[in-house]
Every structure is written in C-alpha cells, then in structure tokens.
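Notes follow once the structure below has been shown.
The letters A, B, C and D name the chains in turn, as written, and every chain counts its residues from 1.
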Amino acid sequence: MDVEPEALHITPARLSALSDGVIAIAATLLILDLKAPAAGQPVWRTLGHQWPALDTYAVTFLVIGIAWIHHHNLFHQVRQVDRTLLLLNIGMLATISFLPLPTATLGSHLRGIGATSAAVLYALSMTASALWFTLFWNHLCRHPELLHPGAREQARAARRKSLLGPAGYALAALLALVSPMGSLALCAALVAYFVIGRRAPPTRT
Amino acid sequence: MDVEPEALHITPARLSALSDGVIAIAATLLILDLKAPAAGQPVWRTLGHQWPALDTYAVTFLVIGIAWIHHHNLFHQVRQVDRTLLLLNIGMLATISFLPLPTATLGSHLRGIGATSAAVLYALSMTASALWFTLFWNHLCRHPELLHPGAREQARAARRKSLLGPAGYALAALLALVSPMGSLALCAALVAYFVIGRRAPPTRT
Amino acid sequence: MDVEPEALHITPARLSALSDGVIAIAATLLILDLKAPAAGQPVWRTLGHQWPALDTYAVTFLVIGIAWIHHHNLFHQVRQVDRTLLLLNIGMLATISFLPLPTATLGSHLRGIGATSAAVLYALSMTASALWFTLFWNHLCRHPELLHPGAREQARAARRKSLLGPAGYALAALLALVSPMGSLALCAALVAYFVIGRRAPPTRT
Amino acid sequence: MDVEPEALHITPARLSALSDGVIAIAATLLILDLKAPAAGQPVWRTLGHQWPALDTYAVTFLVIGIAWIHHHNLFHQVRQVDRTLLLLNIGMLATISFLPLPTATLGSHLRGIGATSAAVLYALSMTASALWFTLFWNHLCRHPELLHPGAREQARAARRKSLLGPAGYALAALLALVSPMGSLALCAALVAYFVIGRRAPPTRT
C-alpha cells in the first residue's frame, strides 16, 4: 500500500488541478478569521480596530494567489511526476493550508505586546511557503528527465529567481525583531513586486 | 519569480474553472454566519429573530450566483489572458471572498442602532463586487486582441450593461443613509432583476 | 448585465461540475457543527451526549450524497440549459447549502423541549431539497427539446419517481408533531431506501 | 428516484474527481481546529501549548493526503462503477469528512486525563478510514469485470497490501490503552512509511 509513482498514473495536470482545490479553499477560509461586528457593536469602529487583520488578510490572500500562479506555472513544465515531487507537493499544500493561523495571529497582535513574535511567525510562515518552490525547481533541475524537453533552460532560470521569495521573507522575519509593522510592509512590498512583476524582456510574441 | 503572462500558459478556461472554486466556496461559507438555535433556545423564535440574517444570506447567495454567471460568460469571450486580467481576477476573487463579512454584519445589525452603517458597508461591498466587471470589460474593449474575433461587439454592449450593477448598488449605499431596510430591498430588487433578466430580443436561435 | 441563456454558453456538464463543488463543500461543512470534546471534558461521554448530532450528521450527509447522484443523473439527460433550469439550479444549491443549519438545530434539540420544532424544521428542509428535483423533471417534461432525444421517456418516469422524496419527507414533517425521534427515523429510512434502492428490472446490459 | 448504477453514467474519472473535492476540503478544514493565539495571549507559549494539536494536524493532513493518493490509484484501475462501489465511496467520504473531530479531540486531550480515550478514538477513526480501501479492493477482486483487463493481478496485490493500514491503526488503538503518546507516534510512523514507501522492485521503466 505504499506510493509507487510509476503505478500512480498521476499526471502533472491532475496534480495541479487537485492542488488548486486546496489552494482555493485555503484562500477562502481566510475570511473566517475576520470577525463581523456583532449586534450592538459600532460597525465602522469595530472594523477600524481590525485594520491590521484586514491588512494581513489582503497580504495573505495575494501570497496564496501568487503561490497558485507559480504552482500552475511549475507543473506546466513538468512532464512526469515522481515520488519526490509528490512529497514536495504535499508539504507545500500543508504549509499553504496552515497560513490562516499565522495570518490570524498577526492580525490580532499587530498592535499589542506580542507584535514582534506574531510578525516573526508570519514572516517565517511566508518563508516556508516560498521555499517549497526553490526545492521544486532544484529537484527538477537535477532530474531534467521530468521536464518537457524545451523547459530545461527555463527551469534553471526559475530556480535562480525562486530564491528571491524565501530570501525576502526571511529578511522580513529579521526586520520583525526591530519593527513588526515594517516587516508586514516588507511582505506587502514583496507581494506587490511579485504581482506586478518586472518588465520582462520580450522573448516571445 | 515574477508573473509573466506570456510564460504563464493560463488559459481562460483554466482561470475560469479555478475562480469557480473560490466562488463556490465563498457562497457555501455564508451559511456559517447563520447560527443554528442552541440547545434550550426556542427554535422558531430564535430563527425568527434571525430573519434579517436569513434575508441577507439569500441576497448575498444570489449576488455570488450572478457574479459566477457573469464571470463565466466573460471568460467565455476571452481568447488570451494577460497580466491585467489576472490582476483584475485576483481582485475580484478577494472581493467575493470578503462578502461573508458585510453579510454577517448587516444580518446582525439590520434591526439595531448600527443598521445605517451596516447597510452602507453592505451596499458598498456589493458595488465593489460589481465594479470589477466594468473594469474587466473596459480592459477587454481597449485590448480587443484578447477577445475571440466575434466577441468585440458583444464586449462593448457588455461594458455598457455592466455599469448598471455598480450604479444600482451605489444608489443603495446612498439610500442606506435614509433607510437601511430600503437599501437591502433595493439590493434584493437589483438581484431579482439580474436573475430574472430583461426579455432579450431574439438575436439567435 | 442580465442573464441570457442563449448567450451564456453554460453546458450541462459545466453546470453539473460547478454544482458538484457547492454540494461537496456543503457536505464537508457539516462536520463543523459537531463539537470535538474540549480539553478536560470526558471524551466518550461528551460524544455520547452528541449522538443525536452524530445521527443527524450521518442522515444529512447521505441526503446530500443522494442529491448529488440525482443531480448528476439529471444533467446527464440534459442537452441544453435554459434560464429556468439555471434558476432552479441556484434555488437547489441555496437549499443544499442551507442544510447544515437545520441539521445542527435538530442535533442539539432532539433530546430537549424543542425537539418537535427542530424535527419539523429538519423534515421541511429535506422536503424542500427533494422538491427541486420534481420541479426540474417537470420543466424538462414540458420542454423535451432540452433533453437528449432518447431521454424523454426516462424523464417522465423520473418525474413520477421524484414525487416519492418530497412526499416522504413531508410525511416525516407531520410525524414530527407526534414523535420527533420517529420523524428522524423516517428520514433515515427514506435515505436508506434511496441509497440501497429497489431492484430495478434489467433494462440494459 | 432510486440509484440505478446502469442508469447513473457515473464514470470512474468523474467519481474520482468529485471525491477529490470532498477530500481536499476535509484536509483544509483541519486548520480551523487550530486556534490562533488571541490578542493579549503570548504567541509562542500559546502555540507551544498547542503542540499536540499541531502534531495531530500534521498526521491527519498526511493521512488524508495518502487516502487521496490511494483513492486516485484505485479508481484509475476501475473500468465501471457499480452500486457497491458507489456506496463504499460515500462511506469512505463520510469517514474522511469526520476526521477533523477525532483530530481536534486528540489535539486538546493528549496532555490531559482524557488522553487514552482520545487516542483510542483517533486510532479507531484512522482504522475505519483505512478499512474502506480493503473493502474496495475486496469487492473489485470478486468482481474483476469492473476492472480494466490488465489490472486484475494488481488488484489482488493491492488487496493484500491494503490490510497493513487497518491492522497498523488497530494496533495503535490497542497501544493507546497503554500509552496515548506512543499510539500517536505509531500512527505517525505508519503515515511516514506510507508516504516514503518501500523501495518497489523496478517492474517498469
């Protein structure tokens, strides 16, 4: 009853589709940590007190959105799934599913005495999420037979670029020791950079 | 690790399918804000006290249902996804995922002193949800190369019609300042109109 | 921005797949209404006190499972989706998504003074869920052009059989006035009947 | 309105895809039982107190991940779905959907006086989850006409191997009577074994 990739018949498209399900659910569950003002509570002031939670909600939502895009992009290059890819994928999904917890923690602590700890936890969770992509690309660069023929050059470039995420978020974890708010701002800046992206040189039309 | 649409290979069908996942989950999570009568509470009276929550549940469920239909319809016309469509889509999904919060807020405040604020928040959230479609169609009209050849005329008509939603909901936000209940009624009327629709002239058979 | 079925391009397969998403989520969310014994509470006794909740969980899970099978079966016969089918489908999904609430209510009231009300609410919700299928088949029998050519005879038989569900559950709602426990037992019996089924005459091989 | 497999047109691929939805949601809902440290609570110490919950979260997430892989693998061998497979599948999904409850129970009781009961409940739930696969393979071995022609030999091997899961988890349930912590450790060891797997003899290239 062990997992034999040769016998699994899990195609990259299938693995990608299933992972998408987990990612979509994790993103949507984030809202459950935002508490709607209860009957009798002033609406705007209660929401205003939650702005750190709204901020971290937005940042985490975008982080998960970017993870989804990278994940989709990665598995588009993959020709065959092996056991290691399967394990890395389970690890990545577990990390993504875990993100609502540090998000809620930072949301409720950003303006209190636990702000430093919460910001460190948050940035480290982001680092962990991003690190899986480096591990993915590293494995694919070492086993190019898993890639589509034309994707090997791209994989090396993707591995190089995939270091920016973990490095940036790890820096945010360090920054959290000095300024929790600055750490969240750096995470937001990294997310904005990934969303808006660099102007890529026109390689294809 | 930035997002290059040329390299993304995200087809409209795929983006549509993934968005459907988020939309379906957001719709289903709405029920979590309705509290089942606890042991010892009278069943019908407790539910009766929640009728504003039941009303807003029904309205938001239909709003999300309509957003799903529009989203599906829109991406059916799209031939190629570019970076802007991707960003607009992430924004729209974040807005849809956020709807349970204003829904729960209005549900619990509609009969209390916070009714005005809650109804304004609710109608503004609806306005924001509907506005994305205007932004989508506007971008597609300016970049007709992203559309299927036959869809350009339809896109201009869709852009024109897509203004009704945000305008109507913004009016509901204004109306909320005078009558919160009237504002919810206007939202419900807009939803009913979108669901039942105008009698379209028979353009095709 | 109104819904024009001719312009919607929503195929039966697509509508079926999307509905499956909502149905799967509704089924899985049921577990959230079962409370795990908290730290310090005796495990088995706390669960034992919840047996009505466990029972209703099981019955509702099966009801949703059967609704899924019927829904799938129904849309397999459909060749084209019109506006009415779309509206009926939204109504059915809203009803299914609503089921966690009566389920939790019955689970927490079955052994208390609110048992009658809770059982009536539960059986009426089941009736409503089942009734959509009668409405679906009725519409399809009146508009056979929406069906695949060979499916017209089957649709008339399905309409006839689809009356059993609402009738049975409505009977359970009446029975609840006398015996809440008997009402749940009748619902369970109906579910078991639908799951296990009659021995169908061998019409095809 | 009964379920006639001949009339159901449910293909193995479709049943597999739908089950994946339920499985993905169950895995993602696990996070809801981990409580983020509230405002004012010390972040690390509160999380530290939750380490049993974090442990059981990780183990259950992996168990569900493995169940998904086995389920996918199983239905890949199936050529035709009959009524029994459908019933077994509903049972398996109900069991998987139920796992968040014993997981949360063990997470909150592992260090208290209810540890034994909670660990027995947890290991028995795992046993039940794993047992469905034995029942699946057993049915398929008795009805080889439901399998793809080349899969009959594999099915017999899979049935043999599928006994390891239930047997191991049942042993963990017994062990829980002596050592709850040891029982969780055994579950974790079984999961690790299934994830990492035996070195399979190279049967194909």
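Please note the rule applied: contacts are C-beta pairs under 8 Å (C-beta built on N, C-alpha and C of every residue); 3 or more make two chains touch, one makes a residue touch a chain.
These numbers were taken from a predicted model, which means no experiment stands behind them.
Least step count on the touch graph, chain A to chain C: 2. Listed here as common contacts of chain A and chain D: no chain.
Although chain A and chain B carry the same sequence, what matters here is overlap: shared residue numbers make up under half of all numbers found at their interface. Centre-to-centre, using mean CA coordinates, chain B is 37 Å away from chain D. Distance between chain centres (mean CA atoms), chain B to chain C: 26 Å. Contact of a single residue of chain A with at least two other chains is seen at positions 21, 25, 29, 32. Pairs of chains meeting the touch criterion are A-B, A-D, B-C, C-D. Residue ranges of chain D in contact with chain A, taken from their complex: 20-21, 24-25, 27-32, 34, 36-44, 47, 58, 61-62, 65-66, 68-70, 72-73, 76, 133, 154, 158, 161-162, 164-165, 193-198, 200, 203-204. Chain A contributes residues 1-4, 6-10, 14, 18, 21-22, 25-26, 29, 32-33, 83, 86-87, 90, 93-94, 97-98, 100-105, 108-109, 112-114, 117-118, 121 to its touches with chain D in the complex.
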